[in-house]
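One structure coming up, written as structure tokens, with questions to follow.
Going by the order they are written in, the chains are A, B and C; count residues from 1 in each one.
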Amino acid sequence: MSPGPATPPFTGPATFTLEPWTSNAGGLARSAAVSLYIAAASTLLACTVGFAAAAYILAMPRAGRLVAAVSAATIPIPHLIGAGAVGLLLSDAGFLARILGMPDGGFPTFVGGPFWSAVIFEYAWKESAFVALVIVGSLARSVGGLCVSLYIAAASTLLACTVGFAAAAYILAMPRAGRLVAAVSAATIPIPHLIGAGAVGLLLSDAGFLARILGMPDGGFPTFVGGPFWSAVIFEYAWKESAFVALVIVGSLARSVGGLCDAAATLGAAPLQRITHVVLPLALPALAVSGLIVFVYTLGSYEVPWLLGRISPEALPVRAVRLFGSIDLDSRPQAMATALVSVMAGAVAIIGGLILLRRLRGLR
Amino acid sequence: MSSRLELKTISHRYSDAKEDVLKDISLTVEASRSVALLGASGSGKSTLLRVAAGLENPAAGKVLVDGEDLAGTPPDRRGIALVFQNPLLFPHLNVVDNVAFSARMAGFSRRRARRQALEYLDLVQLQDFAHRHPWQLSGGQEQRVSLARALARQPRLLLLDEPFSSLDSRLREDMYNLVSLIREQLEPTIVMVTHDRREASVLADSIAVLDTGRILQHGPVPQLHYRPDSLAVSRILGGLNEIPGEVTGGIHSSALGRIKVQDTVDDGAAYLVIRQETVNLVSAGTGVVDGSIASIKSMGAHTLVTLTIDNGSTAKPAVRISAEVVGAPDLSIGELVGVDFEKSAAWAVNS
Amino acid sequence: MIPTLQRPPPSMRTSMPGGAAGRTLMGLLLILWFTLPMIPVALWAVAGRWHAPAVLPQTYSWEGWSSAASSGLFPALLASALLGAGVAILATPLGFMAAVSIRRLPRRYARPVEGILLAPLAIPPFALVMGMNVVLLRAHVPAAAGVLLLLVVTALPYTVFMFRSALAGYDDRFEEAARSLGASKAQSIRHVRLPLLTAATSRAAFLAFLVGWGDYIVTLIVGGGQLRTLPMTLASAASATGNEQLTAVLSLTVVLPPLALLTALLLTRRHGRIR
């Protein structure tokens, strides 16, 4: 509600009317739409460019520093100056038109044009620097962790899928011994990763069981636990998840693979060819699904890298939980940012994995 | 692509079974001939094919192809193709790659394998379906691809394990024509397994009747039908008429009277077997014997008429004889008619 | 959990390359792979003195067990069992109801609903817990209830998935056949549906129990140290050095009960239930 048209302003009895809303409703709506359009387009562009810049800054150590400096430099420039500069750049006879050699006609009207291009460009230019620096600021510390986590997840998944497929092939092929392998692999499924990590610690540590069996308790034995390659962590994941992969494959193939192998044999496929041309392609969808599950799980699991990993660089989950439990109040938001990074990495992995899976189905 | 197959005294038992599925089976299939193994489910006929293909190792006996003993030769090096009851097309390969599978396994390039595969697809009239996936095919098409895939292996022997049993009757007729075409063009040696005696008669030159792991009789199709070795063979081939009686000196005496049968039958109790298709109904008194009509059953274009022989004999239960006649004869239950058949072709089996 | 195995055909058996010796070796290697990490656990659990160069323990004793008992093994065992049972009791029926309703929904809605129910699988548990912890604290939810709630959410994807796959293989015509044979609606549920879904129910409940029984991260963050479950006790033992016996004993107490349960489940299944 706004005050109506009163002859002397702010005197006399107040009357109320919707006149200012309705008299020029079209213009009001149009202005609102234009503002919304400018805001949306600028935000979209700023976020896209900002994200690209952030990714570049994080990925390239030297050139990234330069990009960071330049983008930081644009932050203190007021929008008024920015608008002036963009005007000089984009107007009909501006700098860009002269460079492109089309000062009169031909050059699209950016400044004051129908799409508000110059306005959107100005906002996008200045705010992309802001977006980039915010992203870099929140991610810089997590990126090391992200790389470590991705490395662990990728290595574990690869190993788990390889061993899991071998175990599945064995279980499917061997009538008696296969049953035993199926039983021991099923028995590892209910073991929590925490217990697995503890057990692998007892097995692989400097003075652990393996070092004793191999007879090199002091020195000589490579540092698996807390070592530079995260070997103990990867071994634990591969151990437990290979059982999972094996059982998923066996479950998906048990019914069909026998007959198809018979058919392949009568068609002249030698033993190894049956594995590579029949069992493996048939197992591929199950292998891909279980591999994706293993990858996402290992990316976000805390216990194993915490017990068996290195302190620096930290895996993402370990860093997040440590910061979350820290007494320092500032570290809470950092913990949340780290958690968000690992959620996003997981989401990207899942989306990528699903696209890959669809391809795989399309191939069949 | 045709070889002679000899199975010599083959016995087999599955590890978890109590009884042998195959008992001392011997069978010879000449090159380019087609033999049907006919038997009920559980008679061991599929196992016999699996043994021939090398998918099962027999407990005893030999598989010889062109005189070569295949013991110890794995299935992939036997050159024997098997078409299964279930088409078993590889789900990860499309139609043409399924047919090209054996050539790929033999090390040919993908292009060459596919070119050859297309020829075989053409043979089964499915060239247009080359790039479909198995799940986009109908049951009959799948089975045709499966057949093309087996033929593309250029096998010495083609084994068919009830490949048409899941198809409807029209598709089955199409498949019979296809197999005849393949036999004309490629002349493969075929061993097929079926429980359908009509299918066996249509597709095979000779039939081997299997029952509980033994071959009861192996011979040309007409022989099996008209001159069975035993009552079991007669029954498996759908014979309905078994007239009990006594043979002395090549003469069978029964409710039908004294009838000269083949010389090879032993003296003593014996059944006269007469195919119902060869029995004619005539007016009373003009046939071999008279009977009163006990039942009339329509079989479509044919009618099965069952009569009770009524010549004052006191045989218990009353002797019955069935006749499969063309069309729907104008008869009624209880009517007295004459039964006639070719006496010179009479055949008896010892009981 | 073990898929039913058919007798593999000989062509499959000979598909394993490497001949009889290679096949035996591969079988042994696989069994070793799956059992290796638990071997030192089993040895440490009964070891007395076991100094570094010795391959096997020098003396055997029950020391580890008595020290575990004195450091709160039994209360921790009880807490873990209660947590596991609580999660199983809540997540199993919820999972069943969710699976049934997804099945009834039109496909267009069923997909997103299923996606939401399976989402906890995609989110790292620690992130889920860190986010929810703030909410739980604000809402003054007691720590134990918060842990239970979060674990039920974590377990739901498993139970939903179990019932979904069981229902996918379940043919409604069984019940229709029962109805046509004169069973009432209730009777067909009681005598047909329930027996056919028993196996799936026990598997779902087992998985949900495992989620509660073996959880560490949720108890750690939301429980705030008040809830001393077995994994919590184990983690503090395993993260310090020189606690091999205690770690081994606690590991075995975590591992053995679910294995016994799994064996029992498998044995009851062998007595002629439909999968």
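Basically, contacts are C-beta pairs under 8 Å (C-beta built on N, C-alpha and C of every residue); 3 or more make two chains touch, one makes a residue touch a chain.
Worth saying up front: this structure is predicted, and the values here are computed from it rather than measured.
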By count of C-beta pairs in contact, the leading pair of chains = A-C
Message = Need the central chain here, defined by C-alpha centroid distance to the all-chain C-alpha centroid.
response = C
Ask   = Could you state the distance in Å from the CA-based centre of subunit A to that of subunit B?
value = 64
Query = At what distance in angstrom does the C-alpha mean of subunit C lie from that of subunit B?
reply = 54
Remark   = Here the gap between subunit A and subunit C, centre to centre from mean Cα coordinates and rounded to Å, is 28
Message = Going by the contact rule already set, what residues in subunit B reach two or more other chains?
response = 55, 74-75
Ask   = Which residues does subunit A have that touch at least 2 chains other than itself?
value = 259, 262, 264-265, 271
Task = Could you list which residues of subunit C touch at least two other chains?
result = 7, 9, 11, 14
Ask   = How about subunit A: which of its residues touch subunit B in the complex?
value = 256, 259-260, 262-271, 273, 277-278, 281-282, 284, 363-364
Ask   = Which residues of subunit A touch subunit C in their complex?
value = 163, 166-167, 169-175, 177-192, 194-203, 207-209, 212-213, 215, 217-218, 236, 239, 242-243, 247, 250-251, 254-255, 257-259, 261-262, 264-265, 271-272, 274-275, 279, 293, 296, 299-303, 306-307, 317, 320-321, 324-325, 335-336, 339-340, 342-343, 346-347, 350
Query = Mind pulling up the subunit C residues that touch subunit A in the complex?
reply = 1-9, 11-17, 23-24, 26-27, 30-31, 33-41, 43-44, 52-55, 121-127, 130-131, 210, 213-217, 220-221, 231, 234-235, 237-239, 244, 247-248, 250-251, 254-255, 258-259, 262
Query = Across the complex, what residues on subunit B touch subunit A?
reply = 50, 53-55, 74-82, 84, 86, 88, 90-93, 101-102, 104-106, 133, 149-150, 153, 159
